[in-house]
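In this document, chain identifiers A, B and C correspond to the written order of the chains, with residue numbering beginning at 1 in each.
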Amino acid sequence: MSMRTEAGRIAAVAWKDLMTEWRTKANFNAVVFLAVLTLLLFGFALGPDTNALRAAAAGVIWLTILFSGVLAFNRSYQLELEHGALEALLLYPGSHKSLYLGKLLANLAFVLMVELVTVPLAAVLYDLPLLGPLGGLALVLFLGTVGFVALGTFYAAMASRIRAREVLLPLLLFPMLVPVIVAAVEATSALLSGDAMGDAGSWMRLLFVFDVVFVTASVLAFEHVIGE
Amino acid sequence: MTASTSSALSQAPTRGGGRVRILGWLALLAVVGGQGVAFLISRPDRDMGHLQKIMYVHVPAAWCAMVAFLVVFVASVLYLWRRDERHDLLAAAAVEAGVVMTGLTLLLGMIWAKPTWGVWWTWDPRLTTTAILFVIYAGYLALRSFTDDAERRARWSAAVGILGFLNVPIVYFSVRWWRTIHQVQSSPATVDPAYVLGLRLNAVAFLVLFVYFVARRYESSKLERAAETRIEAAALTGGIHV
Amino acid sequence: MRHPSGSHSHGTGAAGAGGGRDDAAVVLDGVARRYGRRWALRGVSLRLEPGEVAALVGHNGSGKTTLLRILATTLRPTRGSGSVFGLDLVRDAAAVRGVVGMLGHSPGLYGDLTAGENLVFALRMMGRKATDAVVADALEQVGLAREADGLVRTFSAGMQRRVALARLLLRRPRLALLDEPYASFDADGVERVNAYLAGLKAEGFAAVVATHDLPKASAVVDRVWRIDAGVLTEVEVGAAPVGGGRPRDIVAANVEGRGSG
């Protein structure tokens, strides 16, 4: 299979996932709703003092993304399991890597869209200076989300197919995301407090390394995991 | 391929049993000896007193945990490459022993921390990484327990084992960096030369113990599989042959 | 080919003699498949020549779907080996996927996409150009020419299977694997399936059809395999019955009378 056909297949899988989501919007609404609720709850939990909220904001934002975004992953495989579509999907010629990459792109787009709604809301609720470091923030959000989605898409390929999937996916996924949480929160926090770009930059480099390692590992291991 | 390894497993039964038992006695001897020597030859620490002796279990356990997860990684890669289920059984045995060692490390670390710093937990990079490792490999075991089909279980465990191991250095560096940025006091890294002999002896002793745990677990897994293989063969020929 | 130790083949359609092996459409040698503790297939050996259609009959849970999946390479055999048109099922799995196609028990479609979009997706996954003309033609062949823009979720079971059939037609496989193709199809659908099978035979391709409903397939079937609790036996077909009778009666009688072997 040539590179272009593989790229075509990746695009086809991503298109299929996103088109389905677009038609129903069921997942998107549920996830956004949960994210908004989480932000509010954190607000109540951390108290009305805006200083306390601002200090905790970076952590709150990322935890919100993680807790609400994790819903998306099992659901993206639900699509395949419902009418036996997975079997047909596995039958197409070519490598199964494109299935993973296609789903990764679709999930990435999905979670980024959720962030597009929740991050501005967080800025409002916690009084955050979003506009200044906007470019840096966008980059951190992107890099962190790629790591999150890469592993989420991978582990959900397994978790979605066994019982106790709601528990097993977080159990498998969240410990692996510790570097993402640490790096993304530190970088976000640094950017929000107008800190020296140096700090945020180093964290972003860590995120980049994480992303490269785990997208690669997942692509290579996916074949062994998606089959019957 | 699978047929030949299955028949190899069906011949497994009593061959390794005797050797493992000897290993067990050796391990017991080594640990008792190591601990005894350590207790006898090491003076109470200037600041920590006898509490310092926890190190003789805590540190070797930590090292064994790392060895365990390295074994898991290698066995997992080998499994995916060769699809020989013995590699899967070895990986699973190593995870179980590794989780025990990790748990021991954490527990002792906490017991040591309380009198020393007044808190049970300090987010020390090494201990924190160990805690995360504990959860990652507990997840491995949870996944195994929820997956009924043996082949699927082996493939999925291997993938989880590989990715988990790849994360170890990344987790460690993130947490360490995180701590230095917030300029929190880090734990003493140097060890008084007087304790080194005790540590080394116990490191070896615990390694022997670890190998014993893994060997025992691996042997019993092989026995289980050998029994299943015999039932399989009987089922295929349409009757149970004695 | 490797000979697995300890497995016995019960099938009379035996394989592995060696000569002419590469010309066969399908060769299975002692294939067995386990799920947990349960054996779904036990030592299945069979052979299918190009231009032949085989019917696979058996009760639910007898192993029909498992066998089809192994031929499709979506399942690996626990033991034994096999090949499709000379391509090994395990070693050359990706190549096998290029020559087989399956009409599964469930349609395997995406409910929130239209029939047309499902076929577009399939074409793109096959690496082919997904033009409107190709899609329209495929739908035409299964009698759904005007349903291209209908969401699959709104289709009846029969219509969904027709879309799945259209997808199979687009694939142009050399070995077609059909799992209960006559279920949920009306008379027109059954005719289309049989016409497709006849066409396959004419081109020197092959098919395996798992079905409860042998009479519907009898016009195109060349071999009948019966599978019972994972054990496969080949049923004699085509011999003239004592006292005459139509071929479909022979086949039905053989199956009901629990066949040979």
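In the analysis below, a contact is a pair of C-beta atoms (placed from the backbone, for glycine too) under 8 Å apart; a residue touches a chain by one contact, two chains touch by 3 or more.
Model, not experiment: these values are computed from the prediction.
J.: For which chain is the distance between its Cα centroid and the global protein Cα centroid smallest?
T.: A
J.: Is the number of contacting C-beta pairs greater for B-C or for A-C?
T.: A-C
J.: Going by the average position of its CA atoms, which chain sits the greatest distance from chain C?
T.: B
J.: Counting only Cα atoms for the centres, state how far chain A is from chain B in Å.
T.: Each chain's C-alpha centroid was found; their separation is 31 Å.
J.: Give, as an integer number of Å, the spacing between the C-alpha centres of chain C and chain B.
T.: The computed centroid separation for chain B versus chain C comes out at 48 Å.
J.: How many Å are there between the centre of chain A and the centre of chain C, using C-alpha atoms for each centre?
T.: 40
J.: What are the residue numbers in chain A that touch two or more other chains?
T.: Within chain A, the residues that touch at least two other chains are 227-228.
J.: When you check chain C against every other chain, which residues touch at least two of them?
T.: Residues 76 of chain C each touch two or more of the other chains.
J.: What residues in chain B touch two or more of the other chains?
T.: Not one residue in chain B touches at least two other chains.
J.: Which residues, counting only chain B, touch chain C once they are in their complex?
T.: 1-4, 6-7, 148-151, 228, 231-233, 235-238
J.: Can you check the complex and tell me which residues of chain B touch chain A?
T.: Where chain B meets chain A, its residues are 80, 132, 135-136, 138-139, 142-143, 146-147, 152, 155-156, 158-160, 162-164, 166-167, 170-171, 173-175, 177-178, 181.
J.: What does chain A use to touch chain B in their complex?
T.: Of all residues in chain A, those touching chain B are 151, 154-155, 158, 162-164, 168, 171-172, 175-176, 178-179, 182-183, 186, 199, 202, 206, 209-210, 213-214, 217-218, 221, 224-225, 227-228.
J.: For chain C, which residues are in contact with chain A within the complex?
T.: Contact set of chain C toward chain A: 69, 72-76, 94, 97-98, 100-102, 104-113, 117, 121-122, 124-127, 151, 164, 167.
J.: Which bits of chain C are touching chain B when the two form their complex?
T.: By the definition above, chain C touches chain B via 2, 4-8, 32, 34-37, 39, 42-43, 76, 78-80, 90.
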